[in-house]
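The following blocks contain the structures, represented as structure tokens.
Next, two complexes with subunit A in common: one pairs it with subunit B, the other with subunit C.
Our next item is the complex of A and B:
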């Protein structure tokens, strides 16, 4: 669907919800001038939270529900470019906006949030300008500014005091599509008016949400205002600064969580009798362990991405110690733990998070694990099962003690085998980990056979699978694809083949260092390119 | 003695993980108790010919003329009010905080021959019928310590108490002190190598860290626990493994015994532990017998004092169905251990506990606090 169509659809939806959306509608169109909107990406829940915290401070509490993020082309970040806001979702944004604005002007928060006294002349104007530019990630146009001042004046005309006036004005900023969406605009290139380029503000937002998963900070906005982001030197200085910032780690957690589909943990349930260890605390710790591992390996140590699949060290806490059956000294913190070389676990795939996430409520699942691995780490697509598949036949197999035997049917039925041979042999190597990732050697009393295969390579067990993945050329290629897709919120990279090849080569040349890949993408022309269909001026 | 235990445990971690998977080789096994209850088999039809004991409320009702009784019996609030105070500002006035200062109102106990489980010197359990044990002479007790069976004389004291019957309050709240995190008891066993029979060393210690409960409501295995810093809650014993059974020689045991309104200690003297470890699940079960020091018993089970010294003894006694002085004097009468050289009176009473434990990692914590141990405080 063309971008402008989506914009229109979004705004129509917003327009019928609440009076404030009339202001919102005009705000996107008001800045048309010599610029055009070429993309709108709805803030994900984490981006909304981070943005509010960065602008107003971490003490602000959010009251309201977020609409579920939508996953497309493997990523929520991609889905954000095609999602709109439903009427009920907008209602929730409105509730949150009012709640935030109320806290900002509340007596106890005024000193922290307000730089002037709203009773003083021009203070309301000043505050709107200050927060408006942060929320919209660019300076407000005169019209946008006037609209908020008008809101404030209307409140006072109806008997509200200056603080209430400011509260409503701030709330109207917070429900604007300019805040709820990352609105990307292009402008004519000064030297070549027939060509378009992403505006400096849009560049700043793209960069900031890519690396920090949050709104641009004052320095980045200042760099945008100076035009630094149009120059190689200015851009590199900002990318360098963002990459060296401690905010990179929380920013990249969002990417890792998106790539690994950790949002599906929210709907993950396990049989309470079979897996008593799968408590809410353990489920949360599982995710945290993997995110900490990736941060540590890829960002802090800047180690090879390939080695992530054979790494024996991982952070551990007491809740997870019960899953891995290992001692944990610290009673309330994470500590490093290294599995023995001759042990059963190594690499990301042996972590309880991934093993739990792709398993059934009451058992492991070689099929789901194999599918997940193909999709997530090799960027391959496996078609869904045919509509006429007869699951009743499985009952005869269900009595068999091990998954390998139960899955025999997949190999015998030709319609199943076509796809299952891509998944099951991978997943079977992980069978010594039960439905929550606890180690076992037997299933229903029978010894577990962990032999499997990946693209013709015979594997003995989970560690061999990790080794095979670490040596698989498709694995780093898939990361490059996923990260670029994430950075651009692009569902389709077919037009980026050359850029992908170049990034993959650079990634390889760097020794598969993730930080280097971030640099390559964040400083690439591809990252700031105008979407293909929006390039020509109209 | 404890140097290097933490390191050894870290090494043992991998082996312990292997145990659950069916391996039998392990150097040190750690456990946390998931169940620890007194063996209270329930009174037989002949055991309490006078019936069950009565608590404060029942006694009060009995003291009323029949015409008055109905009014209170039908109104729990009124009955409760009539028995006030339940908590005393002045401990001297509290029959539970200071039971020895009050006359003995009597307590029905099981005084006839009784077939009850007792622990034999080899750690086995026997169940022959026998009359109540008597308080032995000082020399006899010491001389026969190694060869004496440990009775469960405490059951004789509580056998005619309604709340201690299998369907009573004690059973209903069994192990709640473990599940709610008030009391955590750890056990470590240094096993003979290669699964052979032979000598074993055991350590039993308290932790101030609660067990983690699973989604099935039971304590989870493989949690790591630090022992408490106070050395007096670190106990050691030696024993022998023969086949599946580990049996220890006598050892003194002090553990933190806390519950909702209780902050006390379990002090067993000349205790013996019998333990069986399931090689498949890695879980352990068994029995702990010993002589419960009467002063600590009174602290934990009659006075029921919290850290402020406040006694919850009276409401507890009323709930179960006994009086504090009655229990106090019955304990003196049936005490069968550690006769005082001066008075000749026994200062402890035999008791038998059953226990279950799940695998855990026991980690040391260095002592940081001065020792304190005075049941009278």
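Our next item is the complex of A and C:
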């Protein structure tokens, strides 16, 4: 089979993971009895997509719809550790699994996906091992391997050919809980059998889903197999490699989108008559602009996180040119743009994505914007309004032209004022941006007054808010908290207080460089620690 | 650790190569409904259960009828349901009892109604919702245990849940719903000739491998994650039952008419668009039920804290309920009320659609029990007392309709208990704390 032979060689050149050695298989087999599962995280939609693309290639198409991800403690990453699979969700995973497997064995896909001819001896076994170890992020156990071979045999007994046999065996890997969930296991430490540690495979997965939002690659799995992830030097070499990889950017994009709750863009609906500019294309571009800005600032330039709130440069495309009322040369691409120093926008908060996301379908909302800012960038919670509160505006208030005047009501009633003074004065500085983030100076004919306040600091306008945030100590502290919770899928960090403190210090020492923070977390003991409630004694 | 022995797989192995045959399968429980009645022609028609949800409640003075019993008079906000008044019962005055727990706005009402338990935190479902409990009893013999649709365009607008985080996501696109039900895998019960698809049996092999993965995983698992793996396994078992059903020759169903494939449509929150999509989704749902693809259906017209809006308006339904002043001359919030009336209009259309499918001597609606509900009474104050509830359909002659029943502050769990018993769920008490009840609404039972 010269053709297939060539394919196999090119797979090696591409760094595609080939079946792990037989020794690895048996060592896993031997230790499986001592292992315990300490965590199960359901792959998020983006993790599923990335993992499939990294394992099978980007040409694979996914048919089916994903079960919505579940948000807890402000993060989908946290929700992934508590959610499961509903019957309709499984139905969709099954459709996707069969769709992927079909493409892998289809005539036009064989050369790309298969390293041998399924009609040949042991080929089905080999392909199962090859893809199985990538999908399960560890070598398959003997039982798991045999089970898939049995699927293939049964399919042939039912009249299927060799390709169908392989197809269903692959599909059975793709709907397994071992693929749909990131299953984290601990084992006894060899030198101290009464202590537990994460298995090397679990360490590898944790690392790669944190930094790449995807499955470990061949090199990382090989490092896990060699035991490198247990040594300082070995671990640092891998973390360094992952941080330098082009896959870091799509990986961190998932974190930024999770932190900013961009998934809620799907629920966002704006009135077409009031905001004709807000189309699906514009909504998409708004998110992209923010993700590109964060990527540029935090990853490419490794600039201070604090300065993200005063940054005047942001990429622009033609769709957004309409929203920002700025000229855009290129018709279909992103181009750099920098707002003038005396302009009215600066920093992340003046971007249309955040301004649209927290506003109503037909109006802005100082309260929702203030709340979002407190929750997202300061990690603060504000209790919901009492259930029986009467929100009705008196006629006198309802007729007032600007939000500032209408919101005066919140200050007049003490039950409202207690919380609203934490939100409204922040949001009022952003009032020159309407419900989709377009600049305006008047509301209902009246001039908009953008004065406001943040934690005792008086603010003149949106740019002053950006400046205040960039100098606020709560802002970098909140990023560290959010990123560590994201990395650990932890609802809170009660058990990681000391680690959190030292990360905060390190982040500050580094000049608030995001890449340094990623390094600190990915090489910390905390990141690989056995969950508190699941210690060594079982 | 392969389990060998007499499985359906071994029975069927070799028999099928795509030829038209009738296989003598062992009778399985899954082919019987909760009452042991079969689907065969002439036998009782299947019993169905559905929910229909709209957000932000109503205006109590304009929605609740006065007179009790069969002689209730239509009220302004129920006017759109005039033609259905003999087919539905109005339940007023039933409460979610918070028992000192916080009123989780726009959540306590719906969670309390569907689980009989007031949530401690928003969207906390400590037990499966009513429809899931009923589907576990009557839905195991159909291809889909339940189907969910949301006219408001977001798959997350679904109150069908096995737990807080396990949500039966809603279909929002008529085309996607069509493809799921009538696309690949659909067997026309009236096709005449039955050809079991050999691919279905190959899929059974996949499931047996997955079940063993789960078994191994279970042995290594701490108690915390067991429940989650159980939920996964429940889903796998349902997939398995689905395959069993699809391998069985379907009974001919006179009521089953195949729809044409719909066009892709835009989704959104503008009220006219929502109403149009609701109609398209409901028509497909009615045929899915008539073709016995499911016996449990859940419809969300608008979510709790309804985000529906009128074109060109700066405030949506939810905002209006809080911000709009009560018109002193009218005595209510006219803009917010518009959405209540539109919701009732849509529910009327939904009942029309169920009625438009002839079944047996009557219509599909005659063999359904539909619970229409919302998360508040007056949304302005997030009131979870006096929730608006309606029961429509005759549940195959078991449900007495056309009445107004006053709850007088009784827990809403009485309604949930009644519906479960009506559908054959073996339950005598339901609900928690002061919502725990063993008192069914005998007034609606025949």
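Here, the second predicted complex is superposed on the first by the 501 of 538 C-alpha atoms of A that agree within 3 Å, B and C clash if a C-alpha of one lies under 4 Å from a C-alpha of the other, contacts with A are read in each partner's own complex, and residues count from 1 in each chain.
Simple rule for what comes next: contacts are C-beta pairs under 8 Å (C-beta built on N, C-alpha and C of every residue); 3 or more make two chains touch, one makes a residue touch a chain.
A quick note: this is a predicted structure, and the numbers were derived from the prediction, not measured.
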Side-by-side fit of subunit B and subunit C on subunit A, or clash: fit
Touching partner for A:441 - first (subunit B), second (subunit C), both, neither: first
Partner chain(s) touched by A:126 [first = subunit B, second = subunit C, both, neither]: neither
Which superposed partner A:375 touches (first subunit B, second subunit C, both, neither): neither
Contacts of A:65 with subunit B and subunit C, given as first, second, both or neither: second
Which superposed partner A:272 touches (first subunit B, second subunit C, both, neither): both
Partner chain(s) touched by A:236 [first = subunit B, second = subunit C, both, neither]: neither
First (subunit B), second (subunit C), both or neither touched by A:453: neither
Winner by number of subunit A residues touched, once subunit B and subunit C are compared: C
Subunit B versus subunit C as contact partner of A:147, first or second or both or neither: second
Closest Cα approach, subunit C to subunit B, once both complexes are overlaid on chain A (Å): 10
Touching both subunit B and subunit C, residues of subunit A: 272-273
Subunit A residues within the subunit C interface of the complex: 32, 35-40, 65, 67-68, 70, 72, 79, 82-91, 94, 98, 141, 143-144, 146-148, 150-151, 154-155, 157-160, 164, 168-169, 171-172, 175-178, 180-181, 183, 185, 266-267, 269, 271-274, 360-363, 384-385, 387-395, 398, 533-534
Subunit A contact footprint on subunit B (complex, rising order): 6, 9-10, 13-14, 16-17, 20-22, 209, 212-216, 218, 220-224, 226, 359, 361, 363
Complex interface listing, subunit C residues touching subunit A: 1-2, 9, 12-14, 16-18, 102-105, 108, 145, 148, 153-156, 162-163, 165-169, 176, 180, 198, 201-203, 205-206, 208-210, 212-214, 216-217, 220-222, 224-225, 227-229, 231-232, 234-236, 238-239, 242, 268-270, 307, 309, 311-316, 319, 322-326, 380-383
Footprint of subunit B on subunit A - complex, ascending: 270, 272-273, 275-279, 281, 318-319, 321-329, 331, 340, 343, 439-442
